[in-house]
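In what follows, chain A forms one complex with chain B and a second complex with chain C.
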Partner chain A sequence: MEQPIIVNSRVIDILAVLMLMSTIILVGTSRLKTCIWAYAFRSFLLTVASGLIAYFSGLHHIYITTGISLLLKVIFLPGLLFYIVNKTNIKKEIESFISYTLSLLLSCGIILIAYYATLSIIQFENTFMRHCLPVSFAITLIGFFAMITRKKAITQVLGLVAMEDGLFFAALSTSYGMPLIVELGLFFDVLVSVIIMGIYVYRIKESFDTIDTAFLSELRE
Partner chain B sequence: MVSNIVLPILQIVVIIGLSPLVKGFINKIEARLQCRRGASLFQPYYNLIKLLRKDAVVSETASWIFTATPYVTFVSALIIALLVPVLSSQVPLNFTGDVILIIYSFALGRFFLALSSLDTGSAFGGMGGSREMTVSSMAEPAMMLSILTISLTAGSTNLSDITNTLLNNSILLMNPSLSLAFAALAIVIIAEAGRIPVDNPFTHLELTMIHEGMILEFSGRYLALIEWASSMKLLLLLTILVNTSLPWGIARGLTFSGLVISFGLYLAKIGFFAFLIAILESSFAKLRLFRVPNLLGTSFILAILAIISFYVVS
Partner chain C sequence: MIIPLLLIIPIITAVACILTKGHAIPKYISIAGSFITLAYNIFLNYNIYTHHSLIGLNGFFYMDALSILTTQIVTLVGFASSLYSAGYMTVEFNAGEFTEKKLRWYYFLFHMFIFTMLMVCVINNLGIMWVAIEATTLSTTFLVGFYNKKQHQEAAWKYIIICTVGITLALFGVILTYHSSSSALGEIGYTLNWTNLLTVADKFEPHLIKLAFLFILIGYGTKAGLAPMHTWLPDAHSQAPSPISALFSGVLLNCSMYGIIRYHIITSKCVGADYSCTLLMVFGLISVIVSIPFILVQRDYKRLFAFSSIEHIGFIALGMGFGGMYSVYGAELHTFNHAVAKSLLFFCAGNLFLKYKTREMEGIRGVIKTTPITGVILIIAVLAITGTPPFNIFVSEFMVLADSFSSGNAFIIVFSSLLVVCIALIFVGFVYNVFKMIFGAPVQAIPTGEVSKFTIAAMCFLLFFVMIISFYVPPLLREILSNIYDIVRNA
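Moving on, here comes the complex of A and B:
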């Protein structure tokens, strides 16, 4: 009985760590399309993890959120982001306020903070899913960090969805998900916010000929 | 007694004999992926034979370092070949060195190559040497940290013990910190072996070459030794990765049947990783030199995360 539980939690832990790696891609790469692929991959890992958690815990409502997350986060939202990128013809690489190496080092520091802050909680927890809480915390913070440091509106959208992924995973791994109605509300929020931001990106591009948000502070014609 | 003689000979023969084949295999797969027929699998052997027959030309201004370098790089690769478990989890030079010696034997060969590239006073050589040292100064911390994580998990720095421990407790391999360490190690191996996102092993383009820039002045048998040593380095790095991340099937003792099975599986695992390298090289362009720190920084961060998550969680 002991052995399968360890294997199960190890599988989820490895998925969590892979999710963290694909979040690091968000701050570490300069290619926009790589970032979107990384987002799709992370959402896929999240879907697999939530499916496995549903299977291991036997809670059926998690299957519903798994299905919705597969449709929404793995297929629809990355497709929408690719559509916006193609439509606005963004060919340039991602621009950041700070250099890539520095942002990688800072995100490493963020992950350290996440591990350190959750240390007092996870050391009392039993063997089940010890990596999940710090990893989801780190994903949320890195998403926030990407939103702050990146210039382009579309990367800020990617940071937002990373934050949402982190929160979803935290809820899933610590308390087997929130009540179904809350989850549905969250999914709907993300969907609407990404669509609205997509329209905004398009409008910014039309009026300023760029999607660099630094230009938004110029109020003169 | 027999094992003391058979095992070293076997390891050296396997590593020396197979290393050009790995290179040929990668080249062949890449040619196939580009819809070419490609050179024969054994082309690296023909190159080596031809180079060994030719005379060596040495610059008049070169000192003894230039002539000593090919032997130093070749012998340091040979010493590593005796320190790495290849077919059996026993290691011939088990008593004298561990994984830290392996890392620094690689560094010794690289140090002499960089010295010899400066020795002849050619501009390209110095450029190649300085680039190689830059890349290795960033790759080495990541390699040390990721290998130390593996050592911490297995409780030993001895590669033979590490392989045995991981073989006996397969559940250790499902440790998230180990998977982070293997990812970091894979990036480092690509940088150390001079494969495509970091260095292009096929061209002598002056603006981009790193390893080729350093060995530009060598010819004849010296060049053959250096080429051979560099292909041995690739195979040895892959062997370290294979025998720690997928240790199953390696022989524990020295029975004939065990060694045969182990050899077959070893070929399959190395072939699999070589195939992955070929796919990676055909799907990525070489990174600009100033982007290389970014890649190696990622690897360093993965290695740091591996060691942190090891300490925090277990």
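Moving on, here comes the complex of A and C:
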């Protein structure tokens, strides 16, 4: 870069921490609708953070991605997930292979790992990246963790979008977002993949009468 | 404009297939469309071949020998598969397995799938390449779950979840690459173009690139079917309709491998070839070893062929990892050989399924008596895929192994010795399982004869390539393969 961009805002740090906390809700709560609200809230924080980064850095293309992510991640996708939950009439709350207390404990461990891993590998150019990259990595890993420990198909989708949010934030904090065309492609992929997964959650519910993926055991060796 | 046209043809075909009425017309449109794609691709590749590489649309598209090989496989197997679909899907449609509307959707998704795979190979921008690889998953999920019964839905769910998570991890690799390029390069690094990255790869932060390659290998490796991330593969390949299984095994795996090789080149240039080669070798050998027990005790023939794909993709990774002149040459030749031979095998599997209505090997006996042509082709395909001389896979496997044994590197020799043992075991399991189906008296009264002319035409088309490479590698292909070695080595 010709002249270094300085983003040194307390506000973004606070937003990052709040995002991390709303991701932990995903592994720490048993209510499905709370998780979707947490997703919408996290996406909203992410949008605000990316708007602030656009403002501080003066890179105009970030405003475009901010706008799209507001429409897509804060409004459309949570709405779609609520629609699926209502349509499939999911009554039982989230079931997990391990207990909530243990999940919370493990996600604390994940956050520590994320901090150690990023601090030892990457040389930080500024404090902004130093604060935000470990958080984004932790969000990604917690999303991954939620995907592998939760039984419900819809929670796996929630874990996936958490991973995606984490990576979006990682791209913002390391290099102020990807090139615009790549970002547009990413949004398109996220949109289509969540829609397809939604259709399959519905179909699995119709034919298995549950969306508990532990019951998906037709295909074995 | 010359490269984008290659992408536009499949899209037009897809749209034409879904807009037409009736069940007979879409299949002819589909065959015509994929034939035009094939013909145009040959013309395009000839252009690239004479210029060595081609850049289109301000560096957005880029094609060189590596892309030529992969697009050639996509269009070749794509054409064979559309020919096969015309027979297979019509028989299934007449049996009342699905509605006319679904048949049109099938052809639509088929050509969108071809489009996304071609996109992976011609794009220069590594971010968009990621988007395209993810798009191959999205366009095929409904094809995996096409019959929409319980087991198909399960396979489709597993497929989309595991592949999307894998690819999401790869995105972290892309972000790290982008970060290191933008901090090393300034303006020029902002494009994420492969050609730009390659020119300055030696200025990157080595730690970052190593980490990025690891994420890319795990992410794209999930899609390529490298063990231990392969768990979606046998389910998806066995539950999809056979023409799609052929495209999955023959082509889709190679497209993800293509993505890995692009990063492999950048990584080798930055930190030396050892790091990425060792990783490729380790993952390759694990894949070959993991496939053995499942091949030995398999009961479902489509799963058997799917596990064999894991073995072969592992072999290709090993060949790239050995890194010698003839290893890389052999691995790339193997990519082509495996694509035609495995697709042929899945076409045979489709014919068996249409005839016997079962995927269990127990229920099938005397294939050579009930469907003589399929039986003979199945024998050739099985011998070819297990690496029996004189068939094509033997040629490429021999090349890689001969080169690795003569390399003088103890590490490589240990790996290739293990590999020889694995290949022998797989040969035993494969031949034992399949030959029981081919010979013997038919268990129940099944009318003799082939199911469809289209399927036989498609099989003969691929058989031609299997036989050609067995005895003679055309000079043009030889030239392209050694160009690929130059591209990989120039790093």
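Just so we're on the same page, the second predicted complex is superposed on the first by the 203 of 221 C-alpha atoms of A that agree within 3 Å, B and C clash if a C-alpha of one lies under 4 Å from a C-alpha of the other, contacts with A are read in each partner's own complex, and residues count from 1 in each chain.
One rule holds for everything that comes next: contacts are C-beta pairs under 8 Å (C-beta built on N, C-alpha and C of every residue); 3 or more make two chains touch, one makes a residue touch a chain.
A quick note: this is a predicted structure, and the numbers were derived from the prediction, not measured.
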item: First (chain B), second (chain C), both or neither touched by A:Ile53; value: neither
item: Chain touching more of chain A, residue-wise (chain B, chain C); value: C
item: Contacts of A:His131 with chain B and chain C, given as first, second, both or neither; value: first
item: Which superposed partner A:Ser175 touches (first chain B, second chain C, both, neither); value: second
item: Touching partner for A:Met21 - first (chain B), second (chain C), both, neither; value: first
item: Intersection of the chain A residues that touch chain B with those that touch chain C; value: 122
item: Interface residues, chain C side, partner chain A - complex; value: 125, 127-128, 130-131, 134-135, 137-138, 141-142, 145, 148-151, 153-158, 160-161, 164-165, 168, 171-172, 174-176, 178-179, 182-183, 186-187, 190-192, 205, 207-208, 211, 234-235, 238-239, 294, 297-298, 303
item: Residues of chain B touching chain A in the complex; value: 171, 174-176, 179-180, 183, 291, 293-294, 297-298, 301-302, 304-305, 308-309, 312-313
item: Residue ranges of chain A in contact with chain B within the complex; value: 3, 6-7, 10-11, 13-14, 16-18, 20-21, 24, 28, 30, 100-101, 104-105, 107-108, 111-112, 115, 119, 122, 130-131, 134
item: Sites on chain A touched by chain C in the complex; value: 1-2, 121-123, 125, 140, 144, 147, 153, 156, 160, 163-164, 167, 170-171, 174-175, 178-179, 181-182, 185-186, 188-189, 192-193, 196-197, 200, 203-204, 207-208, 213, 216-219, 221
